[in-house]
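What follows is chain A paired twice: with chain B in the first complex and chain C in the second.
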Partner chain A sequence: MAPDSAVWLYAVTRGVPAERLAGLAGVGGGPVGLVEAAGLVAVVGTVPLAEFGEEPLARNLENLPWLETVARAHHHVVDTVARFGPVVPTRLATVYRDGARVGAVLMQRQAEFGTALDRVAGRVEWGVKAYAVPGASATAALVPDRVDERPGLAYLRRRRAQLAGRELAQQAALHSADQVHDVLGRHAEAARRHTPQDRRLIGDTGWMVLNGAYLAAAAATAEFATVVRELADRHPTIRLELTGPWPPYSFVAVQAGEAQR
Partner chain B sequence: MTSAQQSPAVVQNSGQVLPAGHEPANLGDILERVLDRGIIIAGDIRVSLLDIELLTLKLRLVIASVDTARQMGIDWWEHDPFLSSRPRRPVEPEPLETVRVRPASVSAEDVAGRAGELDAERLTAEELTAEELAERAHRRRIVDER
Partner chain C sequence: MTAPLASNSADPAPYRPVALVDLLDRVLAAGVVVDGEVTLSIADVDLVHISLRALLCSAGALRQQTEGPPG
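On to the complex of A and B.
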């Protein structure tokens, strides 16, 4: 008989109280369950192959509204589970034929998962983004027009000054971003600097000069927020944005050196 | 819009410092985490890495929400052959190369076309994109070697 469903893997943990998962809606709207093996507990859900099989999945991943729904559902489950202990989130769309296959993966990768779980236990991920402050480059407006100058020349001169001012402001912002990342790294147990999100969609928000992730003790939450606030005060060329706490998405990858700068 | 005179803001998207139960953050933050990070293990349902790599290149652009993007007039996924739900190209290795080359040439044309009016911001954006692509290619190599 051809199966009509598959198993979606959200995360690997050391244990989750099953009763706390009751009523939690997973990807595809279905319930969330557990697969135990090798002293590990995988958080899973059942998904229909009609939507999550190889061909429909590839197609659906390109459908942004579908992807948004699935990504939020996946994250919601990972985030919920993270409240009960260390969690290693799996990348979106890790799908197995059945629960037995998930159990086999747990056994096969027991050591790897164990190391990752140890690394993130008792810790949370903070996201800190920095944007160059647009107003910090407005120096060009201060360049006075010369009376004898032709309008075209005056425009070019102003424009040149404006661009030079902007470049200086950007350099200052980049410098501040480096410093912020260094300081936050010292207040964290691990730090990653991710590629900044693209300005074409950030648009009004400004130019992102830092997209950092920091793994810090869950108990030191207030302290980390305070450090961010102090850094924001000390660096007027950038605007800081703190998000979190996140499950430790950025600190479970197995590839050494990945995204580390 | 923040001006230089104002004190920089610290925004906590997920609400305060920070009880459980928050519904965090914007779609871009979530997408970059669930697609780009997290542990990568092979499932039984094969989603080619290339698919996801290309996808994240596009999705890296998504920041606030689909609606916000539409308001901003950015609805590339409705016109982009890669993202539209029309019949799909077969997955071939070339696209990554193509994508990798494209930003550089766009950037060069840009410079030529705007001689005298150098747009520093735009160049920076293109550089970042090229850098991203290089990083992508690098990571693909790492993954492929495994």
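On to the complex of A and C.
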């Protein structure tokens, strides 16, 4: 290993057919390889230290186009590898001096990786996001103008009803989000809620009330989608969006801080 | 891009472009945390914080993407 390069760790698996990785472009455009130890197989790539060393990395992470390219390359490799068996993806930007250090990590944390691989085997992650539907509450519209009322008063009354309606709609949306999360959790092996995405990032799609992740059997894909569709019908105050299937990114934390059900 | 609700989820494509915000939720805030020796000092909090700042600075660019035609 040349001293001007480092090893990027994508994921830990129980095995990947090496020939299926041929031609796969990883982070930094480099090839993807394997490091085997302790009955585990780490999926790795070589990256230049000039770009991925500690200092340049910290700088580059603040550069959105760079971050996007790297995140997509990382995901592409993880997603590809996930087709061949259970995968424990590592968080973005886990970089080692050389492959030997990666092997040492596999040996050190063999039991932990084994448990995580067992947990996600045969399962995929679904993302379900819910947005409050603007104007879902029609309260304001239901308040008719009284014929004998002065225009200014009528306006104030409508405005008050509008504000109260908006608050009710928000409460209803939050309540629906909790219910949706509960039901999806019952159809999943595990569930967690990510922080709702910042409105500045998602634009005018609405106020996000749920950013959920659900670990479900890969074989039950159609069933999960059906549950989501039924929930969407049952909860008009929110709009649901399904993403996935994802590799089980959200369910490999060793000590999950978030409540898992 | 985000899949339209359930329309094609019964037939998941092996690789489908995804929205960057959804991806970053997963590759930055989730995924198993193993200390890399090169990146040891980039702590959890830093990583999420740094990237969120990068995102917010470029929120306009990202929003255009997010609102683009579904892929």
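Brief remarks follow.
Operating definition for what follows: the second predicted complex is superposed on the first by the 232 of 261 C-alpha atoms of A that agree within 3 Å, B and C clash if a C-alpha of one lies under 4 Å from a C-alpha of the other, contacts with A are read in each partner's own complex, and residues count from 1 in each chain.
Basically, a residue touches a chain if its C-beta (ideal position, glycine included) is under 8 Å from a C-beta of that chain, and two chains touch if they have at least 3 such contacts.
Everything numeric in this text was worked out from a predicted model, so none of it was measured.
When both complexes are superposed on chain A, chain B and chain C end up clashing with one another. By the touch criterion stated above, A:A22 is placed in contact with neither chain B nor chain C. Shared-chain residue A:A50: touches no atom of chain B or chain C.
Once the two complexes are laid over each other on the shared chain, residue contacts for A:A111 go to neither chain B nor chain C. Residue contacts after overlaying the shared chain place A:T195 against chain B and chain C alike. Of the two partner chains, both chain B and chain C are touched by A:T221. When the shared chain is aligned, chain B and chain C each come close enough to touch A:E241.
Of the two partner chains placed by superposition, only chain B is touched by A:L163; chain C is not.
Overlaid on A, the two complexes show chain B and chain C touching the same residues of chain A, namely 6, 9, 12, 52-54, 57-58, 61-64, 67-68, 71-72, 74-76, 79, 83, 88-97, 101, 105, 109, 113, 116, 127, 194-195, 197-198, 200-205, 213, 221-222, 225, 228-229, 232, 240-246, 249-250, 252-254. Looking at the complex, you find that chain A touches chain C at residues 6, 9, 12, 49, 52-54, 57-58, 61-64, 67-68, 71-72, 74-76, 79-80, 83, 88-97, 101, 105, 109, 113, 116, 125, 127, 129, 194-195, 197-198, 200-205, 211, 213, 221-222, 224-226, 228-229, 232, 240-246, 249-254. Against chain A, in their complex, chain C makes its touches with residues 2-3, 5-6, 9-10, 12, 14-15, 18-42, 46-47, 50-59, 61-63, 66-67.
Taken together, the chain A residues at the contact with chain B in this complex read 6, 9, 12, 52-54, 57-59, 61-65, 67-68, 71-72, 74-76, 78-79, 83, 88-97, 101, 105, 109, 113, 116, 127, 133-136, 138, 156, 159, 163, 166-167, 170, 194-205, 207, 213, 221-222, 225, 228-229, 232-233, 235-246, 249-250, 252-255, 258-259. Chain B meets chain A in the complex at residues 1-14, 17-18, 20, 23-25, 27-41, 43-48, 51-52, 55, 59-66, 69, 72, 74, 77, 82-85, 88, 116-118, 120-121, 124-125, 128-129, 131-132, 135, 139, 142-143.
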